[in-house]
Every structure is written in C-alpha cells, then in structure tokens.
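Please see the structure below; I have some questions.
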C-alpha cells in the first residue's frame, strides 16, 4: 500500500486531544478522545421559556448530559485535517469536517460544524467558564450547519491582527439531508485581536496571561429557510413562530463580541440583533439580547503544586423576544464556581441562577431559582 | 500540554478488554474492544408473555442480537476510571460512568450503568452461562439507571468478607433526560463472601476453582416513577399495568441470591418479591419469582491443550405475576450446551427451552418449545 | 489473561484500512478507519422516481452524504476475522460480520453485510468509479441482509478460476430483528475469472493492469417477505407495490455481469430480471434493466510523480418497471470526471446526468438534468 508506513517509528502519546498516533513521516495522525458530562439540576435543567415553565413541578434531575466520542487528526499531508464528534447519548453526528490548513491566512473547511458566529456557542461545552451557555444562546445561535468556508489570520501578532471566517451553508441545520430551496445561508465573522494573538476560544484564563489578550469581533448572518432557530437537534422554531414551509422565513442577524484574558481574569460579552421576516404571514419580528460575563481564578499558583484551580464567575443576560413589545423581557443572573482538577478536562462546576420573566403585554411576570452541579471528564 | 507523555514507553497489548494503551507513568490508559452476538432462534426469540404468544406463527429468526463497542481505561490517576459501552445495532448508549477506586473499601461511581441488584442482570450478556437471562429477568430487573453510588469491600478474604453497593438514582431508566418528580430510586446490595473472595460476576467456572467460592447476597430497591419495569429500552410497563403518569407507581422489591463456583461446577439462584402500588388507581400488585441454575464443564483439562471447553447447564425458573391469583404462573425449563473456544470471548451456545403457561384465573394454559443457537465473539 | 501479549512487539502502521495494530504472534489485529463523503447536488440529489419528481422545485443540496466508522481485524487466529461499519450520520449499523477464512476454497461468514449479488452494490461507496450507483440499483439490489454464507475460490489463476458465494438469509433487510415467517432468502453467485485473478471489487483501473483482468458473473436470488426492494434503510416497497404483510411477496431475480480492467481502462455491466409475485393480490410483476459503464485514466504515469490521476467515465442505464407495459422506461446518461489525489481514499468526483422518463401507458414523458460534485476522504 502506498499509504503504509514503517511500524518502528509510530509516535504514541496522550495529549489534551486523547491518545494520539502519528506515523514517522507525519503524513498520518489519529487522535481518539471521549468526554462525559454528568449533571444534577434542581428544580429543572432547561432555562424556562414560557410563563407556565415558571410554575412547573420541581424535579431532581440527574443525567448524562453529554457523552462524546471525538476522533481527529490528519491524513496524506500534515495540513489535510479531519475531525468528527459523535454524541453517544442522543446518537447524533455533531461535527464531521475536513480542513485544508496549509497557509495561515487562507484555510478551507467543508462539512458540518458549529459556524463561527458567537463566542459562547463556539466554545466547546467542555471548555465553558459557566456550567452552560446563557439564556440568549437559544434565540440567536446559528449552531451547526453544513457547507463550506474559507478562513484565516492576517498580520499575525501586529496591530492589524485579524481572524476572518466566511461561509456558505445550506442553512437547514445539523443533520439535514435536503435543502428547502435554492437559497443558502451566508455567514461572516471578523475578529480584531488588537493586543496580539487574541484570547483562545475557551472559557477562563487557565493559562494566566501576563500580557492581556483581547479581541473585538463582529459577525453577521442571513438565511432563508423554514426555521427561526437552530440547535443540536437541527432546525426548529422560536416561540410565537409556527412550523415553517420551504423558504418561509428570511432571517438577518448580527452580533458584536468582546473577549479578554489577563492575569487569571477573563471577560466576554455579546450583543445580538435578529430580524425575522415571515414571507407567508407577512409579519416581521425584531429580537435583541446581550450577556456580560466575567471570572477570576483565585489560586492561579496552585497549578505548580498540582492542586486544583478555583474560579468564581458571574453572568448577566437580557433578552427581548420582540422589540415592539418593549416591556417583555427575560433575564438571567448566574453565579458559578469552578474547581479545575486538570483544567477543563477534569472539572467540577456548580451554579446558581435567578431567572426573571416579564411579559407585561399580557400583564404577568414570574421568577425562579435553579441550582446545578456538573462534573466534566475528558479522556 | 500537561497531559502529554513520553512516546517511547507507551505500553500496548491485547487483553481480555481488547487492545490496551498505557502511558509509561500509568496516568492514562485506554482499552478498545468490541463484541458481536449472532443468534438463531426457532420458533421465536423472545420469551412468550401472553397466552396469545403461545400460538404465534413460527419463524426462523436470525439476527445480530448484540453489537457492542466498549471503551474503558483511566485518566489523570490510575484510580480515576471510565467506561462506556454503546450498542451499535440499536444505536443506544448503554454504560457511561466514571469511578473513583482509590480505596478498596470505599469507591464512588457516577453515570449510567446496570445497578448492582441481581446477579443474572449484572453478568454481562457476553459472560452468561446460559444463552440468555431467565424468564424472571423481565419483571424484576432494575436494569440501567442514572445516578451515583458508593461501594466497596470490607475485611477482604476473612469470614466477614462483604461487598456492598448503595446507590441513589433518578429511577427513570436508561437514556432518560428528565426526572418525573422530586422522588428518587434507592438501591442497596450486600454480598457475604463466606468462603473468601466470592465468585466473579460471570457465568460458568472457567477458572476451575480448587477451593469453593461462594456468596450469599441480599438486595432491595424502592422507586416512585411512571414505570413498573425497566429494560435496555428504558422504562416501561408490565402486562396489566397501563402507561403511567409522573409518580404513579410506588415500587418496592427485594431479592436473595446464592452463587458458587467449585471445580468446574457453578451454581446460582435468585428469589424475588416485588410490590407495585398504583397511587392513582389505588390497586396494589404482588409479584414473586425465582430461578435455580447450575452447570458443569466436562473437560476442564482441555484448556491446557488449547482445545475448547464443553459445558452442560440447566435452569428452572418460576414466575407468579400476581400472588393473589396463585394459580397463574409461568415456568421455564432450559438446557444449554456451551463450547468455549476462548472462554466467554469466543463461544458457541445452544439451548432448548420448554415454557409452561398457566392462567387458571381465565381457565387457560399453554406450553411451547424453543431452540436457539448463538455465537458470541469479542475482540 | 491468556489473550495478553508482549507489548514490545506490537506492530503499528497506517494502511489503506486506517491505523492497524497487530500483536507479535499475529493472533490479534485491529484496524480503525473512517470515511467522509461530502456532496453538492443541483437540482436534486436522488434519482427521480415518478413523473412528478421531474417537476419538483430546484434545490442547492449540500450534505455529509456518508460518514463511516470502520473497524476490522482478526482475533485468536489470523483466519478468524471480523469487521463492522457504522454510519454515523444516520446512526445505523451497516456491516457486522465474522469470517472464517482458513482455506481459500471454503470460507464461512456470519452476520450482516452486502450480499454478493451485483457488482455495483458490492463495490463500496468509497471505491466507485461514478459518483453514485446507477438508476437500476434501487429496483434490483438485495442490499444488506442478515444470515450466513459459504464462499471461496477454486483453481486459482487457471482457466477454470471461479469465485462462488452461497448464502442463506432471513431476507428482511438491514437491521431487522425478526423474520416474518419460516421462509428464507437464498442467494448464489458465481464469478468466472477467465483471464486469471479477476478484477477487484472496486471501480477504475487505478493499478494499471498490463494483463487484462476480466470476469463474467451470474447470480440469482429468491425470497419471500413483505418487501419488494431493499436499501440501507432496510426493507421497503417499489412504486406500485403496497406495504406488504408477512410472506406477501415472492421474489425471484437474476443478474448477468461483466467486468474488465486493462491498461487504465475499466468496464462493467449488469443485466437484470426480477419477478414479483403478490401472493395476496394475485398479480405478478416483471422488471428488467441494465447498465453499461466504462472509464479511462488519461495520465496513469502521474502516480509515480505523486500527482493526481484523472479519469473520465460514462454510464448508460435503462430500466423497465413492468415488461407488460413495454413503452414505460427510465434512462440515465451520466458523464463523470474523477480526480484521484490518493486513489479512492482521497478523491474529487463530478458528474452530469440526463434522465429520460417515458410513461406512455399514461401518455406522458419527461426529462431532467442534474449536476453533482463530491469529495470522498478516508483516514
């Protein structure tokens, strides 16, 4: 076989991406890893969506929240990379992509993956600072899509240091086998790393950056499809929007992000706008929301003695489901504590959240507390 | 990466748990294995449940009955273990758990797994003495649940040698994402290994124990949920019980077990009781059942010459679906023959079963024969 | 463990079947590979079936068409082989089989796999010459079935060089857990390799055969089941046939095949007949179809310089859904271009197809064009 290699020199090691096998000529590499996330929640796990959700019966929830098998590496050339991720609990193929990363300023990607659109969605669920994403992730995320993109980094390390991503996608969500029509989804994002490399796409300043790493990012997306929102289940509808027919919803949306990591402190924020034009019903909806999030690791020196790192983090999120009804809003106040035994790969997280729901257009309001504990383990 | 290790010393070998990779510092270990179970049955595979099942049309059934991918090992510490098992045929995540096994007398487990409740269910379907579990497994097993447990072994090897397991679970069965209410499932089990180590959780005395290994075990469980039984599909209902609503069924149950392995002979038995209280309908059901099972390997010396081991085994099972109708019962008489090419990892099993069904409360009875052949192959 | 082996000598290499691990005694071998197939199509991906399909709205389709995890090897003996293949996108177990290949003239297989019946179906979707199988695959393929077979090769290399396959199957299709009745599917196939080894079961003459390799094959199958066709989804019905009940359809079918590979040129053809007897309705259908396919690699010397191989291939397919309505037919004219970066393991394919649909029994006809581009990547 032209693809066989000498057996003597295959390099095997355990890395943060699991066990890794590399042929001596570095033409082939395979990484195998898994991740388990166990979650306890009271009185419910999901963020409340409707007024009625605030009075639902209390539950002690415990579950395997995520169970992932991850396989990545490269083949034929060091710059021809692949990656797939399978959710074993729900039996869903999440990521499956091939990347040509030969030049830093111009890379290509084809397949299915989480579009580079919002920071909190791009950060792996195993590398979050908080226990889970915010209240505003549901209405604004583009989530995983199928298509192709070009991306890269320009003027690396200078004042004009940029990352860019441009993608053309079917806009039908994870797992779709058809497109509804000839219209596609287009997504673009630009990061301006004005202090150098830019913060990594992960929560918390575990690496303790002596020099601040910051980025300002702007992203936009447009799509015509039967859907008004996306999740790991694929396309779906927001409250107030009926199940769509092909080409029913024209969606345009944008987001502005900030991110900073500096001396054990980390910060991130997003501000979102989204317009949904119902081409059948004729209505147009306008949505807005934002979150602010920060955290600090108290004992950053502990990493040298092998002891766990401890972090306290907080988030505030605000969501307006319809701007023309300005007194309707949902808020989230969350406080989280992290205990990093081995960074994000082996950690315990607890959070407490207060949800506040105002639907003054219907003269009602509600609020509720939630407590959760989560253990995240990668191998 | 802090988790990388020197590539030179990674230890690779094939074990009974498949190919195994261990870093030189023994901080990381990965095992990959698979198992295939092919089954032929005539005139049906499933145990008959109802009177009508006894007159169902005959079939030649052949199928991939089980197709398992198993991944286990440890990470960060030799005592921080993980394991997952995925059923490829039905695309179901069966096991996914993390264990802290630092002290023999006090271990911790979190995730989803087969609760330590009955011996025949705890024994892997690949390590059974008979071709399949008995008639009474369906009504009494607790099967896989999600939650946490503590367990351990006390006074190892002495007369007061005990194994214990205590678990708190949601009681919603395999794959559940929610709990129905605030009430949980509690399970406890104690093994008294009065002759030393106790027999392993597997069928047949393949190891040929010169000294007898025996255990007497007692287990109990209590749960409030919509379900009256559990299987690999998750929660479900026994015959005569309607699909439940949250918190409908209060179930209390217990089992007494015996097990022995001695000089190629093996024995096991279980006696079960179960009470189901319908909190909506107000009725209370009482179920009982038991099985007795024994087997003997005729040519235990053959293992030294590399020849297959041959075993004959038999089982009798008796089930009363409702004690207040004492003339209703189901019986199973099964004779099985095993040919162990490589222990449980590569074996051929055949069985013949006579089922006897008495439903004298409705003045009817029936019986039927079944023949099956099974090949079980692990790699 | 009797199955453990010395770690020092485990042989690791990357082969065309992925990373491969072999114990020093060659008793255990494990291969892990994956394959991704990304497809773009306009104005639809599936072959049109009905008259209405020809006027369906145009779509830009892009999707992960196939995402396969493949694990194979042997255990306990070099001749005791196993293989499984899982479709990650649809969460389906495709292949799972164990083979005893001790003697070339007499091998045994048990499990689920693509029955050796037609060449184009037997060729892996990753080793096709064209972008996808022909129009006549749908009505005539037997696809994957569960059962057992014997097979082998007689007079290897001589004029009387034959391959044979005989199989007994449940005839219920991929993933079935029951048989509908006592009746089984029987399949037989004979290859006559009159020029020596016979062409491999893969598209295109990538190996550049200086001496021609050819085979003539004949296969037949008979089945009684609720189904009139099979696919990766399992059993189903052809147009004009209603969902069946147990034992409704008696199907008898046969195929004659040719195949040739010679100096960068490759050829294959199939001629099919199929009779469907509806034992309930009393009707009998007669179906016929054939395809002719050829391709040529223009720069076969490029393989020495590491440059991609370029091939042009064409196919014509003709299908008559009912011989008693001789003016009803479907035709496919396809032209494909292949760019083999690393043989079938890393290739880009584009095709253009003209479909012609005649249903003169209903006085209507239609035709349509389709363009597709596909990237196939194995690791």
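Which chain is which? They are A, B and C, in the order written, and residues in each are numbered from 1.
By our rule, a contact is a pair of C-beta atoms (placed from the backbone, for glycine too) under 8 Å apart; a residue touches a chain by one contact, two chains touch by 3 or more.
All values derive from a computational prediction rather than experimental measurement.
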Degree value of the rotation bringing subunit B onto subunit C, based on Cα positions, nearest 5: 120
Residue-number overlap at the subunit A/subunit C interface, same or different (half cut): different
Inter-centroid spacing, subunit C versus subunit A (mean Cα positions, whole Å): 39
Per-residue overlap in subunit B, given as positions that touch at least 2 other chains: 12, 32, 91
Complex contact set, residues of subunit B against subunit C: 11-16, 18-19, 32, 34, 36, 38, 45, 57-64, 67, 69, 88-89, 91, 341-343, 345-346, 375, 377-379
Subunit B residues touching subunit A - in the complex, by the definition given at the top: 1-7, 10, 12, 21, 23, 27-28, 30, 32, 71, 73-76, 80, 82, 84, 86, 91-93, 96-98, 110-112, 146-148, 169-170, 175-184, 246
